[in-house]
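Structures for review follow.
In what follows, chain A forms one complex with chain B and a second complex with chain C.
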Partner chain A sequence: MTVGAPSADRHFAGLRPATFGTTVLREWQLALPLGLAFAALFLTPLLLLVGVSFFNDEKMTQPGLLSWLTFFGDPFNYKVIGDTLMLGVKTVCTTVLIGYPLALVYLDLSPRLQKILLFIIVMPLLLSVVVRTFAWIVVLGREGVVNSVLMGLGIISEPLKLLQTELGLVISLTQIEMPLMLLPLISVMSRQDPNLRDASAALGASRWRTLFTVILPLSTPGLVAGCLLVFASSTTAFISQTVIGGVRLIYLPLVIWQQSLVVYHWPLAAVASLALVISVLSVIAALSWVGRRSGGYING
Partner chain B sequence: MFNRRSLLAGATALGGVSLLPGLAHAKGSLVATTYPGSWEDAYRGVVAPMLKKKEDVDLELAPLFAMDQIGKAKASRGAPPFDVFVLDPGPRIVAIEGGIFDKFDPKKLSNLAKIPDGFADEYGVCVSAQVVGIAYNPKKVPAPKGWTDLLKDPWASRLGLTGFQTTFGTSSIIEISKQFGGSLTNVEPGLAELKKILPKVAAVGLPAAMPGLFQQGQCDVMYTNTQTVSTLKGKGVDIEFVKPESGAIAFYTTMHIAKGTAETVNAYKYLDLVIGKDVQAALTPAPYNFLPVNKDVPLTPDMPMKSLDEMAKYINHDWAKINPLRAAWIDKFNKDMAK
Partner chain C sequence: MARRRSVGDLSYGLVIGGLATIAVTIIVAPVVIVLMTSFTEGQALKFPPKGFSLMWYEQLFDPTKSRQIHRTAENSLIIACYSTLLGVVLGTLASLGLARNRTRAARAADNFFMSPLVLPGITYGLAALVYFSLLGFRPSIELMVAGHLIVTMPFILRTTTASLSQLDPALLDSSKSLGASWFYTLRRVTLPLIAPGIAAGAFLAFMASIDNVPVSLFLSNARTDTLPIRMWGMMESTLDVRVAAVSGVLITAAFLLMLIMEWTVGLTRRMRD
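Moving on to the complex of A and B:
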């Protein structure tokens, strides 16, 4: 089709190459700028990372497998990988448990209240991660808001240890990552036909049955997208992990930082980085597979 | 309307105009690193305006710990992200071995005669001294007397720990270890003792997080340097500094010019200004409390030492021996401290 002129056969526009002036552009050519940027800014550094990992020494003079053998020969690093993935799983679970009901509430609100709720949901994204993280120190600290309120009410006599615990970290990550769960979820759920819920009720299904057999399956693509984003973001949240969790909770980003910017053993840092990329991508691939399956199921 | 030629001409004119302010004023700029916290406050508040006034050079500060500076410089490979580094003794040796400094000519400093002999060499110049000891909250815990007190109650349950990422962290753990039979190159006894009290320790954090944790009352005792104490005190935090009975740790902080910088002339102007009487005198009193290296600037009464000659009486660590061991120590600290 020609830009500026209405196409007579609009239905077939997607099957034909787009033309700008006299130049015919095919789909792959349109995607070329993004593809080149992707290659330059992502693939090249990734390949460099792989290359660096195959050096034995800090000065990168001896090629070899020693860095891989050192990293994967240490059982402690398997614990670190496991803890990192588990942190992502726990954060995903809490964001789903809180976020999904919130998305249901959002659907039933008036457009005006929806806008207000959406602003509240997006608000954490408008703040710097450093500010958000330090705000959580004030909230969870020994003399923080939570402990002050609980002690003021006489519920506890000694301050609870919330900061520098996994519980505190998961609580804060849940708030920090919540927009990443809610935005795709709300986007998908808003497109659901409200008549489906009415039809389910008219056919005698209870509200719970409607939720589990109609709303939930239809919202699965949004849920999976939210889970992907929250998982990837929480497993790599270096600032939140180290400032709120402290350094007794050791996750892969801390190991990468120590090896690259404290010890300067870049080959080991590269192996740790690739371990993070591979382990997180594996989970993301599994989640994507679930998403595709559910998409197929929904679309018949 | 617009053809390609007129658009290009317009864009060129705009580009030219955007360059004009730079040509019209400021003889140049300089990117220098500074430590986060009191160093950043002091250099932003005092040194940058003085450099602008005296030399018409804009100072851009990059607040980074020493090891981070070297990491970024190494990663930039020949295109230094900073023109001047500020480093402690350990990272200085790493940087020298990494070849990231330009050869330094002390004779280019007009204030060279004002600093003690040996304070400038072919790598850089000493700009301040630092003292490391114990900080505590006098309203929460009694004053500890020495390193071993940190491992006993009431201090142990209010202790904030940090590892080997920084000079003050490494030096402090070495001194704790010495109290239990360890040495400059053997921190095992200290780590073993720290591991025993770990369940009740108030916080184990990154060096950058420690002042915030202290300020929020998450911990009430920590090892740190005098500058951090003075900064927190200036913010109204209840904090006091204690020289441990076995001695406080002291070291010099040095500045260096990055290899490959295009701002060599401005870098010398900056370093000359930093060791000069005006800057040193401005940074010595509260709230900065820097230990001056300029002979014309007297130390203030509340400083941990009366003169720089006393530095010899403080504990100095040989970082050439420490550096090769740090990677293994960090690994051990991770494993010992991990939940």
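Moving on to the complex of A and C:
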């Protein structure tokens, strides 16, 4: 799909009147105020952060590589990076496992019910992450919903410890990140031609076979986009990680927060936050490469 | 073949339907449960909630008992209003400049303006803190507005650019050929047609600013902290039941605002496409 685009654009530009050149110039300048704001408030701070990471001490007097060497010389930090990335992978798996079926159900609903379901899906996105995290404390706590239901049914006699465990955190993040998976999925899947599914059924394929040979391959771009968003968001979800995970489950955002706002060692905090960016973005780059390849395969 | 298909379809319906039911339950149930617990009579967050009372809401709205919460809520609203207002002006201008520009530079600029969406918020928060401190600024509402402006910009740009690219260029050409100036066309043709897109983006940016934690965490101090930061503190220390009442208010507000935006500008459709 990326192959066809440039030639189509040249064609489009060729059809424009001759005055287009001057219009481009004038229109383009409208983006200057935002460009300046982003240069001053976004790009410069990020470049500065990279610069700060190359100082040895917290007073930032001696430049050097000591902060990088300290951070990456400590085996504990590798475990933290690994745990953070695994948390993202687990959350992506659970959101796909229950989100994808919901997207399939969405396709089969009447337009009216589709509207209601979409509203239900989008609604949590507009609720503060703090509220959604708090909701899971009420659900998973010692005297929370899950424990009182299970104890009421006599399935367990002692309350289960769900808060401050990775299981509880993954369950909570599944709900918190679910809209990010569903929106791109539904967007791509509702653009599929429904005739393809009908044709597959008419040719004798079971619904399972239609799912795995028709719907799933065609929805790959949406699935990849959803996985990217959920992964990026769950690995950096500081509030949910600290409140539900507690202090014993340590992920990179907590390390960044401790180094910068508790210990005030900015160079180390800068290294930790750059480690977060690099590790998360490299997984994202790998995933989107896979996505582009599969997208090309489908269209070609 | 018919028999195999019916067995297969049955298992398909059971598995897919079952998982989808779990998904809807997991999305909706926590929100409903928080609403229920906010009406408890008890001093602790238990389920099922004890009795029914509005006492936690009364405490929440009491100006002396909840002065801190009111102050942080006010900060949140002020910051969200200013950053959204500024964001709409800058974002709409940039969209007008870039939406129909197909050059490589324009695409790069567009990606650059959307990048706060993928950059971990906590990294930008730290970068902004380091930058503003080295420049000698002290934490203030203005700095928070600046930080929120950056992280909420992608929401404004996405819906505004989408509605601009759906705009029929023939409308602009005919306005021009009828002698309208560029500014007149903008005011009478372009802006009215893309207004719903701008409004949807402004709404999403406003909600994202109210919700923002990573940037506020680094740029605020005790005087300028926002409601989510305050709630985080209340959740980390003692589990104050007023958090449930604040959540109740926020859930209701988000629900009503979303209904209004759905009716006026078709919000969910814009988010899906």
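Following the convention adopted for this analysis, the second predicted complex is superposed on the first by the 259 of 300 C-alpha atoms of A that agree within 3 Å, B and C clash if a C-alpha of one lies under 4 Å from a C-alpha of the other, contacts with A are read in each partner's own complex, and residues count from 1 in each chain.
Rule of thumb we're sticking to: contacts are C-beta pairs under 8 Å (C-beta built on N, C-alpha and C of every residue); 3 or more make two chains touch, one makes a residue touch a chain.
In this text the structure is predicted, and so the values were computed from the model without any measurement.
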So, after the overlay on chain A, do chain B and chain C clash or fit? They clash
Which superposed partner A:L162 touches (first chain B, second chain C, both, neither) | neither
First, second, both or neither for A:L223, with chain B first and chain C second: neither
Which of chain B and chain C A:G141 touches, first, second, both or neither: both
Should A:T236 be classified as contacting the first partner (chain B), the second (chain C), both, or neither?
-> second
Partner touching more residues of chain A, chain B vs chain C, is chain C
Contacts of A:V170 with chain B and chain C, given as first, second, both or neither:
neither
| In the superposed arrangement, which partner chain does A:L261 touch: chain B (first), chain C (second), both, or neither? | both
* Counting only touches as set out at the top, which of chain B and chain C does A:T44 meet: first, second, both, neither? -> second
(Q) Quick check for you: in the superposed arrangement, does A:I250 touch first (chain B), second (chain C), both or neither? (A) first
Only chain C stretch among 24-32, 78-86, 96-104 or 132-140 with CA clashes against chain B is 132-140
Dual-contact residues of chain A (chain B, chain C) 134, 137-138, 141, 143-144, 242-243, 260-261
In their shared complex, chain B is touched by residues of chain A numbered 76, 79, 134, 137-138, 141-144, 163-164, 166, 242-243, 246-250, 255, 258, 260-265
Residue positions on chain C within touch of chain A in the complex are 1, 4-5, 8-9, 11-13, 15-20, 22-24, 26-31, 33-34, 37, 44-48, 90-91, 93-94, 96-98, 100-103, 106, 109, 112-113, 116, 118-124, 126-132, 134, 146-147, 149-150, 153, 182, 204, 207, 210-211, 213-214, 217-218, 227-228, 231-232, 235-236, 239, 243-244, 246-247, 250-251, 254-255, 257-258, 262, 267-269, 271-273
Residue positions on chain A within touch of chain C in the complex are 9, 12-13, 24, 26-35, 37-38, 41-42, 44-46, 48-49, 52, 97-102, 104-105, 115, 117-139, 141, 143-145, 148, 171, 174-175, 178, 183, 186-187, 190, 204, 206-209, 211, 228, 232, 235-236, 238-239, 242-243, 253, 256-257, 260-261, 266, 269-270, 273-274, 276-277, 280-281, 284
Contacts from chain B onto chain A in the complex sit at residues 67-68, 70-72, 74, 94, 98, 162-165, 198, 202-206, 209, 212-213, 216-218, 326-327, 330, 334-335, 337-339
